[in-house]
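Here the structure is laid out as structure tokens; the discussion comes afterwards.
Labels run A, B, C and D following the written order; every chain starts at residue 1.
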Amino acid sequence: MLSVAVIGAGRIGQIHAANLAARAAETNDVRLAGICDAVEVSAATLATRLGAPVISLDEALEGKGSNAVLIASPTDTHSDFIERAAKAGKAIFCEKPVDMSAQRIEGVLEVVEAAGVPLFIGFNRRFDPNFASLRARIADGRIGEVELVTILSRDPSPPPVSYIERSGGLFRDMMIHDFDMARFLLGDEPVEVHAVGSALVDPEIGKAGDVDTAAVLLKTARGKICQISNSRRATYGYDQRVEVHGSLGLLRAGNQHETTVELATASGFTADPVQNFFLERYAQAYRLQLAAFIDCARGTTLPSPSGHDGLMAQRLADAATLSAQSGQPVRL
Amino acid sequence: MLSVAVIGAGRIGQIHAANLAARAAETNDVRLAGICDAVEVSAATLATRLGAPVISLDEALEGKGSNAVLIASPTDTHSDFIERAAKAGKAIFCEKPVDMSAQRIEGVLEVVEAAGVPLFIGFNRRFDPNFASLRARIADGRIGEVELVTILSRDPSPPPVSYIERSGGLFRDMMIHDFDMARFLLGDEPVEVHAVGSALVDPEIGKAGDVDTAAVLLKTARGKICQISNSRRATYGYDQRVEVHGSLGLLRAGNQHETTVELATASGFTADPVQNFFLERYAQAYRLQLAAFIDCARGTTLPSPSGHDGLMAQRLADAATLSAQSGQPVRL
Amino acid sequence: MLSVAVIGAGRIGQIHAANLAARAAETNDVRLAGICDAVEVSAATLATRLGAPVISLDEALEGKGSNAVLIASPTDTHSDFIERAAKAGKAIFCEKPVDMSAQRIEGVLEVVEAAGVPLFIGFNRRFDPNFASLRARIADGRIGEVELVTILSRDPSPPPVSYIERSGGLFRDMMIHDFDMARFLLGDEPVEVHAVGSALVDPEIGKAGDVDTAAVLLKTARGKICQISNSRRATYGYDQRVEVHGSLGLLRAGNQHETTVELATASGFTADPVQNFFLERYAQAYRLQLAAFIDCARGTTLPSPSGHDGLMAQRLADAATLSAQSGQPVRL
Amino acid sequence: MLSVAVIGAGRIGQIHAANLAARAAETNDVRLAGICDAVEVSAATLATRLGAPVISLDEALEGKGSNAVLIASPTDTHSDFIERAAKAGKAIFCEKPVDMSAQRIEGVLEVVEAAGVPLFIGFNRRFDPNFASLRARIADGRIGEVELVTILSRDPSPPPVSYIERSGGLFRDMMIHDFDMARFLLGDEPVEVHAVGSALVDPEIGKAGDVDTAAVLLKTARGKICQISNSRRATYGYDQRVEVHGSLGLLRAGNQHETTVELATASGFTADPVQNFFLERYAQAYRLQLAAFIDCARGTTLPSPSGHDGLMAQRLADAATLSAQSGQPVRL
């Protein structure tokens, strides 16, 4: 039986641990081996709620009590934890990003490869039923050849400047999801990155050296084009849209509104704001992502998104950061 | 060349006359022979604007200066005018309703038939591109057999009570359009009418013996069902919708909004109110209706909607009025 | 702690039992006391999956091991089971309908009242987040006074004729949900019922004495109007829509599509079929309904929908059945 | 009275001339002075249809028979014709683009300024009721400060390669409309242009040195961002969309579908393709554009879009062309 230790009892760790517990209750083929967190009370609270033990970091990464680990700790711990777990022979789920340094990721991937364990990266949006279905239809040939991809992401509101200062910047912290989505949809590796960014939402973000509004152009080896845009603030909710223009047609996937209710008055026809925020919008994606990890941890499937996907998204984020700063496109 | 006299320079007469003038300018195959109105200054104003002569009623109905007449005068003049024009051999377009008395309509139709002239009734909604396209798709078999039709009509606001008092009541004045639409879509004659109505919008309408909110069930000879509902007031505009459930699928046609603009804020996603009122919503329908009348006046097509269609709608309106008053269904 | 026995391990019983187990895992304030079913293997399979005991019917209805019972057995058992559980002092959740005989329901309600236990009826649609939100907005005065309600329900495909023969007919088996929804939205009791029905989908249904396509008009004491229509077959999925026209505006709640993906080609813009069938469409409604029952079982809230709601819906269904058969409206 | 000579009786000249004739019939305050075309039979056919005289180019540009000229001849004639008409004191409407050379446009603008006549450039999309309304709402402050503009344009199918070869390329021929729309919506001049393009639709277009799929990033002086994308082929019609993200919300304007009819079957819910092509999609825009020109020709308003707008759009098109070729952003 797959037995999974969870490292990190924060917002995202709680989601994964609860999904693991629910899955265990439902199918009896996987168990939540334990929870650890640098803040012990966080681990204890979550463990109590889910009826699971608190375990040590060493136990989570190297102990005999589990054969898989789910890493949802702070980003700067990911690389070390992956390497330790890999050497201990565990199947590994790691939240994105693997590391802020693409070079460091390369090193991690070597260790993982040497260990021969599966490494699965938490790009949750691939598992959103809408985006997953859209991609399946591309694969089915419904729009022929992909030519032009448009990805729009808007967060409801910016994180605190203190967070932004250590986030690696918008391209690495927020747009990295879109870079992965671009690769997921394009079916061809981007080789050229043009990025522009501005601090329009909050000048403090600009003072911290980052941007809050940005757009990127990608061009792939075969000439396919992708445009991505981000804003750190959308008054109407968490905006997550994708559209793909192909030789035979267009596929797009839109937002999920809070309800289907519509109110018509002299002011017009008003639909609900969109689901807000990622915990709600991607609730089902997190469950499906976990199921995919379980499959790969059991060896049924190869990890996807893989460590390599994590590396490629990071390289695109680095390139976009450089491009926005230099005002020049960056070739990969 | 088709030469059309227009009787009535009110709101709807102006529409028809202007469409005739525009058609004349565009194609040179039809002319506006003249305009007459019981209020001379109304005729004169419209005639001047369109560069057409004012003519007498006798000239319009029986004169040599035209071979067709478009009757847009008050309802209580329709029957007489149709009979006179028919005896004079003219092709006739008459606004709905032909007459408030179905019996009187039967007499008119006999006169028209004896004269052998085409009589075309102004049920404009049949020519709305949306409804016309919907019906064409039914005819193409896109939804198989029609089983259940739903028609929703809402006016933006009720007419003055003084108008309502001489209107014949909601079922004859407003819902008559929906009765024609029901027949247009069902493809089978209704044989049973259940109607309910209330004065919920304005108690003065109730005091005047009418209703402002009403719904009707029709059942046809072959068991097809149609539900119609009306309200004399909709804060969000002129609501005109149709949907047809068939053995192979559903067809529906909706409202036209003022623009395609949508505003998203924390309050939600707001689209424009719907086009308001019939002059705007059915502007294109009036042009296409005129073209259809011209075709039938020339003998290219049979009149549709015909005088018989006018009679059948009136019978349904009468039946609904009786049903709402008696609380009993009426068989036809 | 609330301890709930489940009677019935069929399709709907499985839903409720699984939701109970999940709720127990999540909050620890309720437990699944056991499962019983006339078919023992069904009870055993479900019990094993959820880690709950199989119990006898006597134990479920009268035993000390539970203080609440959830009745999801065949309709003809509901009345007896409710009475037995009521006399045993248990909080009761019963699937709709309470009984095919309104008179019998009246007797059951007397027993329940005498026992002083809460009786909660499973009209799941009230808990659909869309419909619940729509109603909350009516209560908030967003559209002023309710005047005209339109409810459209279509099943994907008819049940077997063998089921239909013992179902009590479309009005009692299918439209009963819409009657409850009508009462939920109108805020005024219907006093007049006009119904028409036809067997258009399958002539065998007609031979069995039932209809598969039907429409109803309700008029309330204060003159509000409601139109309901049903079809036993919709090629495009499980169609569930409601719209409410009020003095200040319109509220409507629509279907949930399988995904938000849209495909545009020369054939047009195609969105997904709607969710199909009720287990999917109302998955969240079932969870929220259970939470509402738990609140009422604990005495926090009064049961809603109550046994009285079950009775009133049944009376409307009886009236509609009679009206469709007699061709006359029925007053209540 | 305003008297307008039309130069060019091709597809777009016919639209303008017919709109002028219709306006003349409707309001009597403007007249179509005559039509000229290098191909005499074209001029004659159109003149006959509209009841207007054929006139010579000299008469159109410098004659006493008109006080305004509408230039719809081939692009390479625009500059000369504008200069001649300006010197003759006429109000001038000229189709876009003014000239393929921005430098030449500068010279033309000097001549126009010296002559003191109004020059109005035919960027028709500004007059589309959807886009015009969207911009009016920006001006009303409905979304606060504009931050991020997204413009998507797709043509139904590429023009012949022979046309492309002399078109100046996609950025000057097709995207120029989007550059004008970007300036119309941004409210701030772009200072940086990144462009990428590929020949994905038709390799022959690539061989001709052009692209058929392209995307551009613009950054304005104040850091606002605009992304534009174009494709020369969309199977589902003429796709014309705009969305503007601001500090207080989002405004977007979408396509107009052929009808509002929707078909639901087991394949899903299918709406019509979008209106196709510009003559249909922008029919109302052309009429409103003409009305705006008439106002400016009479001196009621200043020309907008002006010759300066024509120049700025051309400069952006030149910059994008250069950027796509060089792989480097271009600063303005």
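Keep this in mind: contacts are C-beta pairs under 8 Å (C-beta built on N, C-alpha and C of every residue); 3 or more make two chains touch, one makes a residue touch a chain.
All values reported here derive from a predicted model rather than from experimental measurement.
**Q** If I rank A-B and B-D by number of C-beta contact pairs, which comes first?
**A** B-D
**Q** If you take the mean of the Cα atoms for each chain, which one ends up farthest from chain C?
**A** D
**Q** In whole angstrom, what separates the CA-based centres of chain B and chain D?
**A** Inter-chain centre distance comes to 40 Å.
**Q** Which integer distance in Å separates the CA centroid of chain A from that of chain B?
**A** About 57 Å separates the centre of chain A from that of chain B.
**Q** Specify, in ascending order, the residues of chain D that touch 2 or more different other chains.
**A** Within chain D, the residues that touch at least two other chains are 234-236, 248-250, 264-266.
**Q** Looking at the complex, which residues from chain A come into contact with chain D?
**A** Per the touch definition, chain A meets chain D at residues 145, 147-148, 150, 152, 154, 192, 194, 196-201, 213-217, 219, 223-225, 227, 229, 231, 233-236, 239, 245, 247-250, 327-329.
**Q** Note which residues of chain C are touching chain D in the complex, please.
**A** Of all residues in chain C, those touching chain D are 234-236, 257, 264-273.
**Q** Quick check on the complex: what are the chain D residues that touch chain B?
**A** The contact residues of chain D facing chain B are 21-22, 25-26, 51, 129-130, 133-134, 137, 142-143, 248-256, 258-266.
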